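Before anything else, here is the set of structures, which you'll find just below.
Below are two complexes that have subunit A in common, paired first with subunit B and then with subunit C.
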Partner chain A sequence: MTEHPSFSYTPNEYEAEKASNSYLMSVIAVMIGLPLPVINLIATAIFFIANKRATHFVRWHCMQALLSQGFTFPMNVTGVYWTLSIVFGANIISNNYIAYMTTIVVFNIAEFIATVYAAVQTRKGNHVEWWLFGPLTHLLIKA
Partner chain B sequence: MKKVFTHALFLSVTFFGTWYLLGLVDYRSIFNIEELTKENEQKLGRLILDAVAKSNKTITQDSVVSVISGIKKRICEANGIPDSTITVHIVSVDDVNAFALPGRHLVIYSGLINYCASADELAGVIAHEIAHMQYDHVMKKMIKEIGLAMVITLSGGDSGSEIVRQTVKLLSSTAFEREQESEADASGVHYLAKADIDPQASADFLFRLSHEKENISLQFELLNTHPNSNDRAAEIIKLRKQEIFTSRQICDSISWKKFQAAVLQRVSEKDVF
Partner chain C sequence: MEQQKVDMFLMTQGKYFEGYQLPAIRDQLLKMDDSKFIMLQAANLKDPTTTLIISIVGGSLGIDRFFLGDTGLGIAKLLTCGGIGIWAIVDWFLIQGRARELNMERLQRVLF
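For the complex of A and B:
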C-alpha cells in the first residue's frame, strides 16, 4: 500500500515534523470526526492551506493526507446518511447496509493504519508514497 | 496519469467488490434481526391495541367477528397470505375508519361497517389494509414518524401512556406516503380479484365517501388518512380492467343489512367490552 521512493532532496528536521503533523491532523480529527466525517477533511484542508507556502516536502505530504481524506469522505458521508435514514427515516437494517458499513470500516481501518505509518515515517524524514494518492499527489504538487 | 487511473480503477473495483461479496452474506438471519423485529412488532401491536381497547368498546361477539374474519380469510386464502397471522379487532367508534397496527392487527371501526353499502365494499378496505401489512408499511411509517429509537423504547414497554396514545393517533389518523397508498390500492385490487370480489365496490365506496363527506355528520377519518378519494377510485377502476375474475358477492344485501343491524345493536349495548 505504501512505497518508499527517494524524494528529490532530504528534508530537514523542521520539514519532517510539519509533514508528519499533516497526517497526525487527520488521525486526531478521526476521534472527533467519527460521527461527522467532514471534520477530517476540513482539518487536513486547513492544514494544507496553512502550509501552502511551505517547502515542497511539506506541501507534498499535506496534499497526500488531504487526498486520502477526500477518498474516505464520500464513503463515510454515505454511511452516516444511510444510518440516519434508518434511525430517523423509513429505511431498515438490510444485508446491503451491514455489508456497506463493514466495507467502510475495513477501508477506514486500512486508511488509519496507513496514516499512522506515514506520520511515523515522515517524522523520521523518510518519504512515503501511498498507492494511488502518491502518483496523484505528484500530478498536483510540482516542485 | 495512466498509473493514477489504473490505481483508481483497482481501488474502486476493490471497494465495490468487497461490498458486493460482503452483501452476499445473510446478516439478518445470522444476527436474528428478522425474529427480533417480529418480536418487537408483536409487543408494540399488543401495547397499542391495549390502548385502543382501554379508550373504546371492543366488539368481541362471535356472530360479528366471524363475518369480518370470514372476509379476511377469503382474501388471504386466495392470495396465499397466512390468514391466522392477521387478527381482526372491531371497535365501537362512529368514525368511518380502519387501520393496521404493528404485529398484523387490523382494527375496524363500527362506523365503517355501518357506512359500507355491501360486504364487498368492506372487503375493499380490508384488502387495502392487508396490503399495507404485506408491505410492512405500518412499521416503516412508525419509524419514519417517531424514529427507530422511540419505536424500540415503545416495544420495550418503558414509554408513558401519552406516547402510546399519540402513537395510536398517528396510526389511526395520518396518511401513509402517497406511493405506499398507491401500492396498497394496487395490491388491494389484485387481492380482491384473486378472491373473486369485484373491486368496483371499492371504487364505489371511495366515490361515495368523497361525495357524501359534506352532507353527513359522520367523521370520515378514512378521507383524512387517504386523500384524493376520487383519484384513487378512478385508479381502482383502471386497475380493475387489468384483472381477470369471476365476481362472487360475499353476501346479499339483506344479509349485510342484518349484519349491520347486529353490529349497531352491539354498539348500543353496554356489555360489549
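For the complex of A and C:
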C-alpha cells in the first residue's frame, strides 16, 4: 500500500516534523470529529492552506494527507446519511447496507493505519508514497 | 558582539527559534553592535512550549493567538469558538512554528 521512493532532496529536521504533523493532525481530527466525517477533511485542508508557502516536502505530504481524506469523505458521508435514514427515516437495515458499512469500516481502518505509518516514517525524514495518492500528489504539487 | 555572549544567548534562547535558523542568527549576532545587547535581552520572545500548552487549554477561545500578538486572528477564533473546534485542533500543530517565526521577526527588528 505504501512505497519508499527517494525524494528530490533530503528534508531537514523541521520539515520532517511539519510533514509528520499533517498526518498526525488528520488522525487526531478523525478521533475528535467522530462520527462527523467532515471535520478531518476541513482540518487537513486548513493545515494545507497554512503550509502552502512551506517547503516542497511539507506541501507534498500535506497534499497527500488531504487527498486521502478527500477520498474517504464521500464514502463516509454516504455511510452517515444511510445510517441516519435508517435511524430516523423509513429505511431498514438491508444486506446492501451491512456490506457497504463493512467496506467503509475496513477502508477507514486501512487508511488510519497508513496515516499513522506515514506520520512515523515522515517524522524520521523518510518519504512515503501511498498507492494511488502518491502519483496524484506528484501531479498536483510541483517542485 | 563577543563570541561568548553570542554562544550564551544561543544556549539559553536557542529553543525559541527553528534549528535551521541558528547558524544565521549566530553570524548576525557576531556582527551586531554591543550596544544592542540590552535590547536583545529585552526582546519579548515567546516560548513555543508555553504557547502549545496555552493552545491546548485555551485554543478554542483564541487565547494562544492573543498571546502571540495575532489579535485579529484571536478575535476571529474567539467569535467562532476556535472555528467550531477545527481551527483549534489545527493550531495545536501550527502554533509552535508560528511562535518561532514571530521570535525570528522580533529578533530581526532588534538587529536591523
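Keep in mind that, in the parts below, the second predicted complex is superposed on the first by the 143 of 143 C-alpha atoms of A that agree within 3 Å, B and C clash if a C-alpha of one lies under 4 Å from a C-alpha of the other, contacts with A are read in each partner's own complex, and residues count from 1 in each chain.
We take it that a residue touches a chain if its C-beta (ideal position, glycine included) is under 8 Å from a C-beta of that chain, and two chains touch if they have at least 3 such contacts.
Fair warning: this is a prediction, and the values are worked out from it, not measured in the lab.
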Quiz prompt | Clash or fit (per the criteria above) of subunit B with subunit C on subunit A | solution = fit
Quiz prompt | Cα-centre angle that subunit B and subunit C span when viewed from subunit A, reported as a multiple of 10 degrees | solution = 130
Quiz item: Thinking of the overlay built on chain A, is A:Ile98 touched by subunit B (first), by subunit C (second), by both, or by neither?
Solution: first
Exercise. Look at A:Val80 in the shared chain and tell me whether it touches subunit B only, subunit C only, both, or neither; answer first, second, both or neither.
Key: neither
Exercise. Tell me which partner A:Val27 touches in the superposition: subunit B (first), subunit C (second), both or neither.
Key: neither
Quiz item: Who touches more of subunit A, subunit B or subunit C?
Solution: B
Practice problem: Mind working out whether A:Val106 is in touch with subunit B, subunit C, both or neither, as first, second, both or neither? | Solution: first
Exercise. Check whether A:Ile42 is in contact with subunit B, with subunit C, with both or with neither, and answer first, second, both or neither.
Key: second
Quiz item: Regarding the shared-chain residue A:Leu132, is it in contact with subunit B (first), subunit C (second), both, or neither?
Solution: first
Quiz item: Shortest C-alpha to C-alpha distance from subunit B to subunit C once the two structures are superposed, in angstrom?
Solution: 28
Self-check item: Shared contact residues on subunit A - subunit B and subunit C
Solution: none
Quiz item: In the complex of these two chains, what residues of subunit C are touching subunit A?
Solution: 18-20, 83, 85-87, 89-90, 92-94, 97
Quiz item: Which bits of subunit A are touching subunit C when the two form their complex?
Solution: 12-14, 18, 21-22, 24-25, 28-29, 32-33, 39, 42-43, 46-47, 50
Practice problem: Would you mind writing out the residues of subunit B in touch with subunit A in their complex? | Solution: 1, 3-4, 7-8, 11, 15, 18-20, 22-28, 33, 140-141, 143-144, 147-149, 177
Self-check item: Interfacial residue positions of subunit A with respect to subunit B in the complex
Solution: 71, 75, 86-90, 92-96, 98-100, 102-103, 106-107, 131-132, 135-136, 139
